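Below, chain A partners chain B and then partners chain C, in two separate complexes.
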Partner chain A sequence: MGNLTSYPKGALEWAAIFLAVAILIMALFGGWFTPYDPLQIDFRGKLQPPSGEHWLGTDGSGRDVLSRLMAGAQLTILSTLVVIAVVLVIGCAIGITSAFVGGWLDNLLMRLADIWLGFPPLILALGFAAALGSSLEAAIWALIFSWWPNYARLSRMITNDILSEPFVAGATALGVPTWRKVVFYVIPNAFDVLIIQVTLDISAVMLAISGLSFIGVGAQIPAPEWGAMIAGGRAHAGSAWWVVMVPGLAIFVTALAFNIIGDMLRRELDPTTRRRA
Partner chain B sequence: MAYILQRVAFSALSLFVLVFITFLLSHVVPGDPAIAAAGPNAGAEKIAALRTEMGLDEPFVTQFLIYCGNILQGDLGTSWFTHQPILDDLLRELPPSLELVVIAMVINLAISLPVGLLTARYNGTTFDDIVRLFAMAGAGLPIFWTAILLQQSFAADWQLFPVAGRIGFEYRAFEGITGFYLLDSILRGRPDVFFDVLSHLILPAFALSLLFTAVGVRITRTSMIGEFRKDYVTLARAKGAGEGRIMFRHVFPNGATPSLTVFGMQFGWMLGATVLVEEIFGRPGIGRYAVKAVTQSDIHGVVAVVFVVGLVFLLANLAVDMTLYALSPRKRAEG
Partner chain C sequence: MSVRDDPLLRLDRVSVALRQGGREMVSGVSLSVGRRELFGIVGESGSGKTLFTRTVFGLHDDAVVSGGEVTFDGRTMPAKSHHTEMKRLLGKRIGFIPQDPFSSLNPSMRVGAQITEALYLARGLSPKSREARDAAIAVLAEVGIPEPDIAFRQFPDQFSGGMRQRIVIAIVLAQEPELLIADEPTTALDASTQRLIVDLIVERSRTRGLSVILISHNLELLRQSMDRIGVLYSGQFLNLFQADQLAHQEVHPYTQALFDCIPTKDKTLADIRPIPGEPAGAGFGLAGCSFADRCAFAKDRCCATPLPINDAGQARFSACIIGKGA
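Up next is the complex of A and B:
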């Protein structure tokens, strides 16, 4: 693992990092500082354009769009991070076990992961969320259920690579226990590849969560989840552009920021390009 | 031959897992499937009758076998909101969705392959950087948002395309043969219908393809860069072959083959992503069917769409594998 701060970065990368940090802070604390109650309905003040009073206007029920955006960051982004954290732990547990145990278990788990990877994650998650009963929690479970094989495959591949290194054979001869191999050999070596995957997956999972909410199997409509906000604002897309534009831009900008950071990490940390240099 | 058998065996295994997943989704996850199947307004008697009828008193394995038997007979259950057998519904809804996905795939390939080739050739230039930025932006676009914005601007405001639907009101009496209107209009010799149907397809297909194109460009670029570095390219240059010949005659066919696998997978993903587009553009199709089924809490309708998308996905991948096998002398020799 290299020194993350030493890489040369352009203005674009710096802007992406700044944005990503700002968005994460908004997701963590934004809900406490909203100028209005994000669920407060005011039919007389509906569909007001952006103004000094309502910076991003109001939606079809007169709710303040900026407040909803800030409160929604928590729903959209924290759910995304929860999905990725759980999938990372479960997937790596499966992948590392698979590589260490080997034999028929390895074969079975990896065949299963291959088959799973095949099915379109969005449609698999849609089925699962619908079966669980539509809610944001259902969408989170559904995505965990459909996303784990990516990390199982990746961590199994890395673990296998490391296990074939001569120093591991040496360690085995010296009687180093398996858990020490996992903690001191596998995890540090897997870190770079996993951090790239996590960064790039943030946008994919976020698009999936907001997409599920847009269809109606994720967060339900008064909730200010960004996808649900777009679903709720659709009817007013023609007369009040901000109702659809604002939450969509929020999703897009967040996804783009993490994609740029992921791309930068890939170019700087990817072992295949690094070894060649 | 061994290679083909291996691919077919893998697809069969995948199909089994798919059936098992849909079984879990429709029979195990939602709690009591008899209550689910009976619908929201059923009484206790109907539920008890259904429980016996559906074999829910049987052990788990027997239930799964009954489910497999039903699927083999094409019985996917009955929809609550159309009151039709779900299989009939899906056979009616599948052609418009496939039509949309095919057009989206054509747009995807028409952009991904040439742009991927050019960015590989001009790797590291400003052009490459700009395309990379566009690809990253495209990969962050929510499909449903793009769809709404395209519909609002190109259709509603500037009236360049129809806002919604599959075919214009003046052609509402048009009778299909296959259900694929583009094909049907050619078969019936109706260019006016053809262009009307096509104009209804452009915006939804474009919205659907953007995200996949962003990925497609990068995949193609990566495999083309690998190809440009190979010895045969150096040899061709040494022999004095022109850059154009190297690019199109040598690098392109070799570099395009590995990305075909990805495009094959994208076909199934796109079919899944129709749930985000068809409802917005008011197009009939399995995506809109799934969304309607969700709002009606019709779990069997949703699960049936999961099954069909999974099935099309498996078939598309198998078809791509077969094509690659037929195109590649090396694989034929090995296998």
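Up next is the complex of A and C:
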């Protein structure tokens, strides 16, 4: 990962990086700087087109769309990051344990992951969300439950690759204990592959969260979650395009930006080209 | 340090078998490595030399010591906990230099950190301490790394193959082992670098008074730098001889055949005689001599008579039943 900064990036990559950073900043701080209260209903001013007063117009209940977009970034993006962070930790813990211990435990955990992967994540999440009740928290739990096998399998595979490297045998010969192997040999060398997967998964998880909210099992309608905003604007999609297009575009642009960054990282850190530079 | 005559390492009829299926890959190896002795193990690819050494020293997870006794510094390893006992010696009293310097260093750890980690594991020096840092730079200088204080902060991919192997040697030397095992330390390097690395291992071991086991398929390289050489073929221990007395002693027909195919400056092309036939792999469990079908001296009984074993642990040994090289 030493040559991360030296890689030549095109305009597309720079645009993606700029957008991703802007979106992350908006997710962290945007909720404090909204021009209006994102939940303030104003029936007299409903479905106003974009104007100087309401830059991105108002929705069917007269709520300011820009304010809702900014506040919603926090809900959508931060819940995505929470899901990713939790599945990364849980998945890697399971995968690395599986690779180190091997034997029946390895078989048990990986077959479990295989069975889990057999269910499409959105369907599984739908089931979980239905069982836990419809809320954003339920959607987050549901995605954590359905996403961990990806990271368990990936981290087990990388760990097995690393464990077969001669430098791990060398470490054994130096008397390096298992916990040091995990911390200093496996995790730093698995980092490249994991960071690519994380970047690519950000858009996938975000789409899943928005999707669950859109079909009504995630965030509930007054909440400015982007998927829920689209769901709430469906009735007016023909007459007031901005109500659905704005959050839709936000989801699209965010997903695209993280995908471009993920692809860039993959090209740069590909395991087949990175070892013997 | 007083000079002691008892061997540092003694192997008595040691056999190695695969964990799954229990197929015996190498059988009946008896030899001893003295203190300060440089011992070479030679064998073709697939002869079992790497498998054997790695298994004996607890570095192979797929094979086990299936018979015989391993004694290190007067202490015989219990058969049941051989692996665990060996692991306790690794990194403290036994050092191991792997084959390929390109993949035997952790790519995401600075050279200095890898040495201070080794120092911490072997001698308990705190990895961040001034003392560990000084010791690491000293050992880098000892193996001939130019500007060791700069190398201390660099990553392995900033070095050439030869330099990386020097770093590997530095890491192992930092632990101050009594026995150094080098598993084909030069196969991945070019010919001139090979010489330098082997010379470095020999010179450092002589200076520090270490015993060395160097595994190679290069008989000439071993002859020039080792004290004694053991020959493995197809999982059988065929020959054991003094490297410097070659001119005055007869060797096993296989060892002789190996020497006959080495080009030297007073040989013409016609003098180089390849060994007929294909090398036999290890693990066929032959009763007789596995070299018999390629041997110029072979008699009918060679294939049937059980192979002699160096029972008495003699310093010289030939497994040839028709008396060649005994």
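Keep this in mind: the second predicted complex is superposed on the first by the 272 of 277 C-alpha atoms of A that agree within 3 Å, B and C clash if a C-alpha of one lies under 4 Å from a C-alpha of the other, contacts with A are read in each partner's own complex, and residues count from 1 in each chain.
As a convention for this text, a residue touches a chain if its C-beta (ideal position, glycine included) is under 8 Å from a C-beta of that chain, and two chains touch if they have at least 3 such contacts.
All figures in this text were calculated on a predicted structure; none of them were measured in a lab.
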| message | On the A-aligned overlay, A:Met157 touches which partner chain: chain B = first, chain C = second, or both, or neither? | response | neither
| message | With both complexes overlaid on chain A, does A:Gly248 touch chain B (first), chain C (second), both or neither? | response | first
| request: With the two complexes superposed on chain A, say which partner A:Phe119 touches: chain B (first), chain C (second), both, or neither. | output: first
| Who does A:Pro188 touch here: chain B (first), chain C (second), both, or neither? | second
| message | For A:Phe167, using the defined touch cut-off, is the partner it touches chain B, chain C, both, or neither? Pick first, second, both or neither. | response | second
| said: Quick check for you: in the superposed arrangement, does A:Leu81 touch first (chain B), second (chain C), both or neither? | reply: neither
| Looking at chain A, which partner touches more of its residues: chain C or chain B? | B
| Looking at the overlay, what does A:Ile230 touch: chain B (first), chain C (second), both, or neither? | first
| Of the partners chain B and chain C, which touch A:Gly175 in the superposed model: first, second, both, neither? | second
| request: In the complex, go through chain A and note every residue touching chain B. | output: 12, 111-112, 114-116, 118-120, 122-124, 126-128, 130-134, 203-204, 207, 210-211, 214-217, 227, 230, 234, 237-238, 241, 244-245, 248, 251-256, 258-260, 263
| Given the complex with chain C, which residues does chain A contribute to the contact? | 1-2, 165-167, 169-176, 180, 184-185, 188-189, 191, 275-277
| remark: Interface with chain A, chain B side, in the complex: residues 10, 13-14, 17-18, 21-22, 25-26, 29-30, 132-133, 136-137, 139-145, 148-149, 151-152, 156-157, 211, 265, 268-269, 271-273, 275-276, 279-280, 290-291, 293-295, 299, 302-303, 305-306, 309-310, 313-314, 317
| field | Residues of chain C that touch chain A when the two form their complex | value | 57, 59, 87, 90-92, 94-96, 98-100, 102-109, 117-118, 121-122, 155, 157, 168, 171-172, 175
